[in-house]
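Written below as C-alpha cells is the structure these notes are about.
The letters A, B, C and D name the chains in turn, as written, and every chain counts its residues from 1.
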Amino acid sequence: MCAIFGVYNHAEAGTEAYLGLCAQQHRGQESAGIVSCNNGVFHAEKGMGHVADIFSKRKLAKLLGTAAVGHTRYATAGETALKNAQPLTVDCNKGVLALAHNGNLTNAHEIRSRLEASGSIFQTTSDTEVILHLIAHSRESDLTAAISEALNQVEGAYSLILLSGNRLYAIRDPRGFRPLAHGVMPDGAHVVASETCAFDLIGARYENDVRPGTMLIAALDSDGAGGVKEERFAEALPPAACIFEHVYFSRPDSLVFGRPVYRSREALGRLLAREAPAAAEIVVPVPDSGTAAAIGYSAESKLPFKWGLIRSHYAGRTFIEPEQSIRDFGVKLKLNPVREILEGRSVVLVDDSIVRGTTSKKIVRMVREAGAREVHVRISCPPTISPCYYGVDTPTRDELIAANLSVDAIREFIGADSLQYLSLDGLHAAVEDSPTSRFCSACYTGEYPTNLVQESQIGRCRG
Amino acid sequence: MCAIFGVYNHAEAGTEAYLGLCAQQHRGQESAGIVSCNNGVFHAEKGMGHVADIFSKRKLAKLLGTAAVGHTRYATAGETALKNAQPLTVDCNKGVLALAHNGNLTNAHEIRSRLEASGSIFQTTSDTEVILHLIAHSRESDLTAAISEALNQVEGAYSLILLSGNRLYAIRDPRGFRPLAHGVMPDGAHVVASETCAFDLIGARYENDVRPGTMLIAALDSDGAGGVKEERFAEALPPAACIFEHVYFSRPDSLVFGRPVYRSREALGRLLAREAPAAAEIVVPVPDSGTAAAIGYSAESKLPFKWGLIRSHYAGRTFIEPEQSIRDFGVKLKLNPVREILEGRSVVLVDDSIVRGTTSKKIVRMVREAGAREVHVRISCPPTISPCYYGVDTPTRDELIAANLSVDAIREFIGADSLQYLSLDGLHAAVEDSPTSRFCSACYTGEYPTNLVQESQIGRCRG
Amino acid sequence: MCAIFGVYNHAEAGTEAYLGLCAQQHRGQESAGIVSCNNGVFHAEKGMGHVADIFSKRKLAKLLGTAAVGHTRYATAGETALKNAQPLTVDCNKGVLALAHNGNLTNAHEIRSRLEASGSIFQTTSDTEVILHLIAHSRESDLTAAISEALNQVEGAYSLILLSGNRLYAIRDPRGFRPLAHGVMPDGAHVVASETCAFDLIGARYENDVRPGTMLIAALDSDGAGGVKEERFAEALPPAACIFEHVYFSRPDSLVFGRPVYRSREALGRLLAREAPAAAEIVVPVPDSGTAAAIGYSAESKLPFKWGLIRSHYAGRTFIEPEQSIRDFGVKLKLNPVREILEGRSVVLVDDSIVRGTTSKKIVRMVREAGAREVHVRISCPPTISPCYYGVDTPTRDELIAANLSVDAIREFIGADSLQYLSLDGLHAAVEDSPTSRFCSACYTGEYPTNLVQESQIGRCRG
Amino acid sequence: MCAIFGVYNHAEAGTEAYLGLCAQQHRGQESAGIVSCNNGVFHAEKGMGHVADIFSKRKLAKLLGTAAVGHTRYATAGETALKNAQPLTVDCNKGVLALAHNGNLTNAHEIRSRLEASGSIFQTTSDTEVILHLIAHSRESDLTAAISEALNQVEGAYSLILLSGNRLYAIRDPRGFRPLAHGVMPDGAHVVASETCAFDLIGARYENDVRPGTMLIAALDSDGAGGVKEERFAEALPPAACIFEHVYFSRPDSLVFGRPVYRSREALGRLLAREAPAAAEIVVPVPDSGTAAAIGYSAESKLPFKWGLIRSHYAGRTFIEPEQSIRDFGVKLKLNPVREILEGRSVVLVDDSIVRGTTSKKIVRMVREAGAREVHVRISCPPTISPCYYGVDTPTRDELIAANLSVDAIREFIGADSLQYLSLDGLHAAVEDSPTSRFCSACYTGEYPTNLVQESQIGRCRG
C-alpha cells in the first residue's frame, strides 16, 4: 500500500504535499518523497523512513514552486531500497515527468520484458517505471495523448499522480481499484489524495473521486483560474474498489470511494454481532484497527464495551530487546492488557483480520494471562484466503493461515475458546451503498476481477 | 512528572532499566538516563529526547552490571538542559551514588541556600542535588543512616531510587505523594517502578508498594538470595497520594497506589454521568486520556459511545507548519474528527481536564466544524484551581483558567453549549477504597498537606 | 574530476573498494558509492559527502560478493543531487550493469537527444547514463560486443569500470585522457584505480595502465585463476593524457600515466626557477599542492625553502562564520602565515595555478600582513586560458582570470610584486618521458584534441 | 593537553570562542565546550568530538552575551565521558562560575580527599573541580580574594579562564607551566588563548602573556572601556615553561611563551644536524610535526630536503579496516611514502619524538618497503624517559620505550640503520632566549620542578 498526494496552483505546494503525506503516513512508512515544479524546474527530496523524519525545514524550503506530488511507500520484503522511493522522476521526449503510483500492474512483467528486449534500461524494480517508458515510447507528441496510449497498455490497479512542467494529472484505472479523491482549498487550489483525511489537515473540501478510466488535468501555465478538466482515456469496466480499504487499511475519519470508512467499520461490527454472537460478558477491541467494529459489536450485542487492551503511543518506534528474550516482546511493546477489566471475565475480542495467525495467538495468550476466563475472537471480515495482486501487501498463499487451515484449526492455533468470522454477504452488506456490488473482495474469495498470468510472473512489486 | 525504575540482581540490569523506562515513557519525554553498577564500577548514559532514541544497542552494551537505576524527565520550561537529566551521579565520602527522583522538595531552596553559604557547589538546578549534599554532609558513616538523616531534613514529595556500589535503595516520603511499586521477576530479581505497566513489559509480578516513610534496601554484594529488607526512616504522616495520577497521569493498565487506574477512570465517568447528565445523542471521548471516563459515562447514561475523534499514531512527532498558517494546526495533527459520527448530532465530549482552556477551545471548534449540532463538555474531575508543589507540572495560578474564570465563563471561552465538571465528592468517591481519604487533591482545593513557604521561593524545579 | 576503483576475485571486495576510494578521496568529495556483486546479486550503497562519513561498518557488511566497483564524485555547481551519484546501476537486456565513469563525453548531448527522440527515458543528468543506453540498444547479444559498439559511438574522455553479473570491465578511451591503472594484490586479486595511491593503501602492486582503446576483462564466474584478458575496441588515437593530473590533481605519491607525479612536480619547480628567477630571500610553498614545486624551485635557485604558510589539518571541515565578517575568513581557516619566517623578508610564493585569482589575492594579502617585504608569485604551469571538456571542473572562460587579463594585470589584481608562469615548453619538458608529447594541454593552449560542437551544447556535466 | 580561550566585551563572544577553539583544535579532540554569559545569565554547550561537529549555527545562536569561555579536551584513556567536558559550570555562594583549565594539579588527590571527608560531593573525575570547591569554601566574600585563597592551596600546572556573572579571569600558576596569551581585537575586545594562532584567525593582536602567579581581571559590568587589570596572587617561582610545547605540541605559526614556535623547531633541526650528521643523500620529514626540524636539518647539513612521506588530508577521520588485516593499516591511512624519492636512496628521517616506538617502527618499515637503501632516524629532542605530571598526556614509565631501552636497542626495535637524538644541551640551546633556562624539561630528565607525592596518587587526570 502507498499514499499519493498532489497539489497545484498553491504558493506553498511543497509544504502542502508534506502535510498531505503526514496525514496519510499510516499507508506507508518505508520511504517517502516529494517532487515540486517551479516554472518548469523540478526539485526532488526523498528518503527512507517516516515523513516527519525525512523532511526538514531546510529541505522543504528547496521544494519551490506552485505544484507538487508526493508519495509514501509501504515496507515490502527485499525491495526496500531508496532507488524505489517515489515519485519517480525522468527526463524524456515528453519533458521532465514525476510520477507517483498507488496500486500494482498485473502485466508489468510482460511489458518490461518487451521493453528490455528493445533496448530500454530500468533503474528501479518498481512496476511504476514501465508506465514512464510507455509514455516516452508513444508516438503521440501530445503528452495527454501519450499518457492515454500508455495506460491502454497496462492492466491492473493504478491511482496515479503525474507532474509535468506545466500540468498535473490525477488518474484512476478503469476498475477503480484504489482510491483517489479530489478536493479544493479555500484559496481555490486543487488537491488530490488517496484519503480525505489529508484534506482535513490542510483545510481542503472534498469534491468527488477521480472517476475510474478518467484523468483530471490541471494546467499550470494558465492563470490557474481555469481549474481542472476531466478526460476519459478508457471505458469504465465493472467497478472493483478494494474492500480491504474499508475493512482495515484506511483511517476511519476518511471518506474512501466516497463513503465514510467509520460507517463501514461500525456496520461490520454490528453485522458480526448478529451473525456471530458470543455468550460473553464484555467486548474488547484490538486497538486501534478493531475499535470501530468493536463499538458496533457492543452496540448490537448489548455487551458492554471495555478498553481492555492499551495501545502504546510509542508503538511505532524501534526498541532493543534483551538477550534473555521476553515472551511476546514485540506485541507487548505495542499492547498491554488491563487486568482490572479482563480478570475473571469472558471476553469477546474484536479484530479486523487474522493474517499469519502469530500475532493473534500472542494477543489471546496475553489476554488469558491477564486473567480472562474465556476468549471469544470475532473477526470483522471473512477469512483471508488469497493474495492481493492489486496493491495490498498480503503475504503469499502459503503464509496465509486461512488458506491452509479450517476455522476450527485456526481457533486451536490461536488458542481461543471460540472463533468466528463475518460472512462474505455480511461484509458486502456492511460496505455497499447499493444492491449491486462495486467492490473487489478477491482476497476473501480468490475470484480476481482481471485475467492473471501465472502468479509467479506477476512480480508483486508495487508502486 | 517523571518516571523512575530500579533493578538489582539481574544479569541484564541495564537493558531491563531501558525497557522499564520505555514502558513509562508517557511520564516524561524531555530526557532520560540510566546508571548501572558493575562490581563497584558505575556507568552512565543520558540524553535529551525519547528513551528509544537515546539508547542504542551500543550504549546499552556499555551499561554492564547487575544493578541499574533509570529516570525519564518531563519537559518543563527553562530548565531543559542535559545537566539536569537524571540519575545524578556523584562521588563523595559515602562512595559513588546515583540518584533518581520523582517528586518535588518544598524546602529545597532553603537547604540549598544554607549549603551554599557553607561552601557547597551545585552543578544542576534540580532540587534532587540537595539530597546528595545532605547525605555527604551527614556525620553518620553508615550509608543507610546517612540517608535517613538526610531525608529527615527535606520536606515535600519524593519517590527515590538510589544506587551505591553495593546497595539499591527504594524510598518514599512519609506522606507517599508519588507512587513507587515493588515487583519480582521470575528469576527472583527485584524491581521498583513508578507504575506497574513497567512490570508487565518485562514479566515482573507486582508485590506491593514501597510504604511511605520507609526504604527498601537490597544488598548487591551478598549472594543475592537475601533479597530485600525494609527500614523505616520516618513515621508515616497522613497519606497524601496524588489523585491526579488516577485522573490523568498514569496509564490505565497500571496499578498506582495499589489500585487499578482503569477502575478509577471508568468510575469517574459513571459518577460524572450521574452528576452531570446531558440531553445529547452520543458520547465521544477526547482520546486517549478521556477514553475510559467516556466509556463509564456512556455505560451510566445509556448514550451510545462513539469514536468521534481519531488520535494520530504519529502525534508525538514534530511537524513543520506551512507559512500560511493553518487554524488549529497543532491540534489537527493530533486529532481528527469523524464527520460521519458528529454531523447533525448533539455530542457529549468527555475529557479529563481543562488547564489553560486553549486546547479545549480548538477541539470544540473542530467538533462543530465537523457538523455537531450541540457540544456538551464534561470533565471527569473538578476545576483545577491551584498549582501543584509536589511534582506535577501544572502552570502557575495565572495561567490556570479555572483559577480565574467561573465555570460559565470557561464554557463561553471554549465555545461549548454546556460545560460541567465532576464534584470533589464525586472525585473522591471514584478513587477511594475506604471512607477515609488517602489522597491529596490540592490542585482542586488549594488545601496543601504541607506547610509552604512563599510560593515564589519554592523553586518549582522538579526531580 | 572523479575517482574510480574496481576489484574482483577478492573475499572482501566491498571493503577493498571502500579503502580504494578513501585513498582517492582528494579526487571528489561530493558523493560516493560502491556496488558489489555476490553470485549475480547486486548491492549498492551511495551517499553525499566524504567516503568515511557515508560508509558505516553496517553498510559495508551489506556489500557482499567478490567483485565491487566504486566511485567518488567532485562537487560541481547545480548538479549535486544524490541521483547523479555513481556507480549507476541499471537492469536491461544485457542483465544488471553497474558503471563508474571518470571523464566527460563531448557528444553526450547529441546522443541523448537522439535516444530521447526514440523513446528512452533518463533518470540522471549525467553523461554516463548514455553509455548504458547505448549498450542496452546494441543488437549484439554478447555483452563485450555490445560495449564495444556503444563505445564506438561516444567521443571524449572516459575511464570506465563496468560490473556485470559475471564480469568486470576496465576501459579507457582511445586517446587515454584520464588515468586508469591496473594492479594485483598479494593473493592474486586484480584491482583497477584512477591513481596508484589506492594500491599502496591496500597492498596491491602496480602492473601497468589500461591501454587507450582497450578494455581489461575479468571473468567472475570462472575459477578466478584465469585472471584478466585485454581486448581492443578501437584503434588508439594520438595520445592526450591530461597534463593537469601531473600539475595539480593527482597525489604526488601516485604513478599517473605510468609516471611518478612527484617527479613531474619537482621538475616543474626546477624549470620554473630557471625560467623565472626572483631576487628574493626565501621560497615558500602554498601547501599542500605547491609544496613539491617549491622544493624544486628552492633546490634550483639555492634560495632556502621555508614552511611559511601552515595548512590546518581541519581545513576540509565546515565552519560557521561570525556575522561581523572576518576578512579572508575562508582562506584563514585553511592557511595561516608564520610571521617568524615572513617578517621583513622578500618571498617567492610557489603555487600550482591561478584560476579566478581571488584566492591568490587573499594569500598574497595574508603574507604581506605577516610582514613580508616583497611577494613574488611563481606558478608552476602556464596561464589557464581555456575550459576543459574532458573531465576537469574548470570554470567557464569568463571566470578564468588568465583568459581575460594579461599577466601583468593579474599581478596587479592579486597584489604581487612580480608574477611569472612556467612556459608551455617548460611544462612539457617537466612531464614528458620522450621527445614526442603524449599529453593534452588544451587548458593552457585552447587547442583541443577532439572536434567540439558548440561549447554551449557540450553540456559540461561529468561522470 | 587542552586548549582554552576567553573573550569579553565582544558582541559575538560565543562565536569568537568557537573560532578560537577551531584554531586550537590540534590541542584536544575528545570534547569541547563553550559557556557564555549574557547579563548574568549563563548558557553552556558541550559535546564529544571535534569543535566543528559539536557546534551548529543553532547552538551558537544560543550562546548569547558579551563574554565567553571555551575549552577543548584531549582524549585520555578511561575518562572520556561528557561529564568531564569543560568548562565546568557551578552555582555557589560566589554566584555562577564557569571554569576552563589547561594543566594538571599535583595535589588534587589530597585536596579532594580532604573535601570529601568534610562532606563535599564531586560530579566529575577532573582535578579542575577541586578549584571550584576551594573557591566556594573560601571565607572571603570577594570573588577575587576567594580565587587567590583557593589557588594558594593547589600545586602543579594550571592556566585557567574563569567566567563569573560580571568578570572574566585569566590565570597562570606561579611557575607558568602552560601557556596563556593575551590579545586585543581591533574593536578593543580582549581575548586570551593557549596559542596565538587563535588570535590570527579572529584578527586579534598579541599583547603579552599572562604572567606566572598573576591573574588578568576584566570587569564585564562596567562600560567595558576600563579594560583589564592585573593582580598578583602568588610570588612567581622559578619558571618552568613546558619545553614540549616548542618541540611538538604547539602549532608552528603560534607564539608560545612569547617565542615563535617555528624558530625553535628549525633551530632544533639545525642543532640536530650538527650533533648528529648522517652520511645520507636526502632529508625527509615525518609530516607534519617533523617538517620544520627537517627543514633546519637540511639547511644545516646541505642534504636536499625531500617530501618523501605524504600526509593524507583525511588522516583525522575514522576508517573501517578490512577483516583481512592490512599490515600497518593505521599508519598507512595517515602517511604514504613516495617511491620516486625514496627508492635506492639513503634517507635521514626527521621526527620530533619516539614515544612507545611502535609508530616509528611502522614508518621505518614503510620507508624501506618503498625502496630506501638506508634509513637514519634523527629525533629533534632527547629521549623521553619520564611521564609528565603537568598536563601532557605521556604514557606511563613502563610504556615509554626510552625509559626502558638504550638508544641502540630502540634503533634495533624500530629497524633503523642509525638512530640519534638531540642532546639536552642542544634542546635548551634551540629554545632558550637567555643563558638561564626558563623551561621545564622533566620528561627528558626526570627532574621535576615541584615536589611530587607517590606517583600512583597524583591521579593523572587532567583539565
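What we mean here is this: a residue touches a chain if its C-beta (ideal position, glycine included) is under 8 Å from a C-beta of that chain, and two chains touch if they have at least 3 such contacts.
Please read these numbers as outputs of a predicted model, since none were measured by experiment.
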item: Turning angle required so that chain A lies on chain B, C-alpha fit (0 to 180°, nearest 5); value: 180
item: Whole-Å gap separating chain C and chain D, where each centre is the average of the chain's CA atoms; value: 37
item: Between chain D and chain A, distance of the C-alpha-averaged centres to the nearest whole Å; value: 61
item: CA centroid of chain A to CA centroid of chain C, Å; value: 48
item: Multi-chain contact sites of chain D, meaning residues that touch two or more partners; value: none
item: Touch relationships between chains, expressed as pairs; value: A-B, A-C, B-D, C-D
item: Chain D residues touching chain B - in the complex, by the definition given at the top; value: 44, 81, 83, 88-93, 116-117, 119-123, 125, 132-133, 136-138
item: In the complex, chain B residues that touch chain A; value: 11-12, 15-16, 18-19, 22-23, 25-26, 50, 52-53, 55-57, 60, 197, 200-203, 251-253, 260, 262-263, 288, 291-292, 295, 298-299, 304-307, 310, 312-320, 322-324, 326-327, 332-333, 336-341
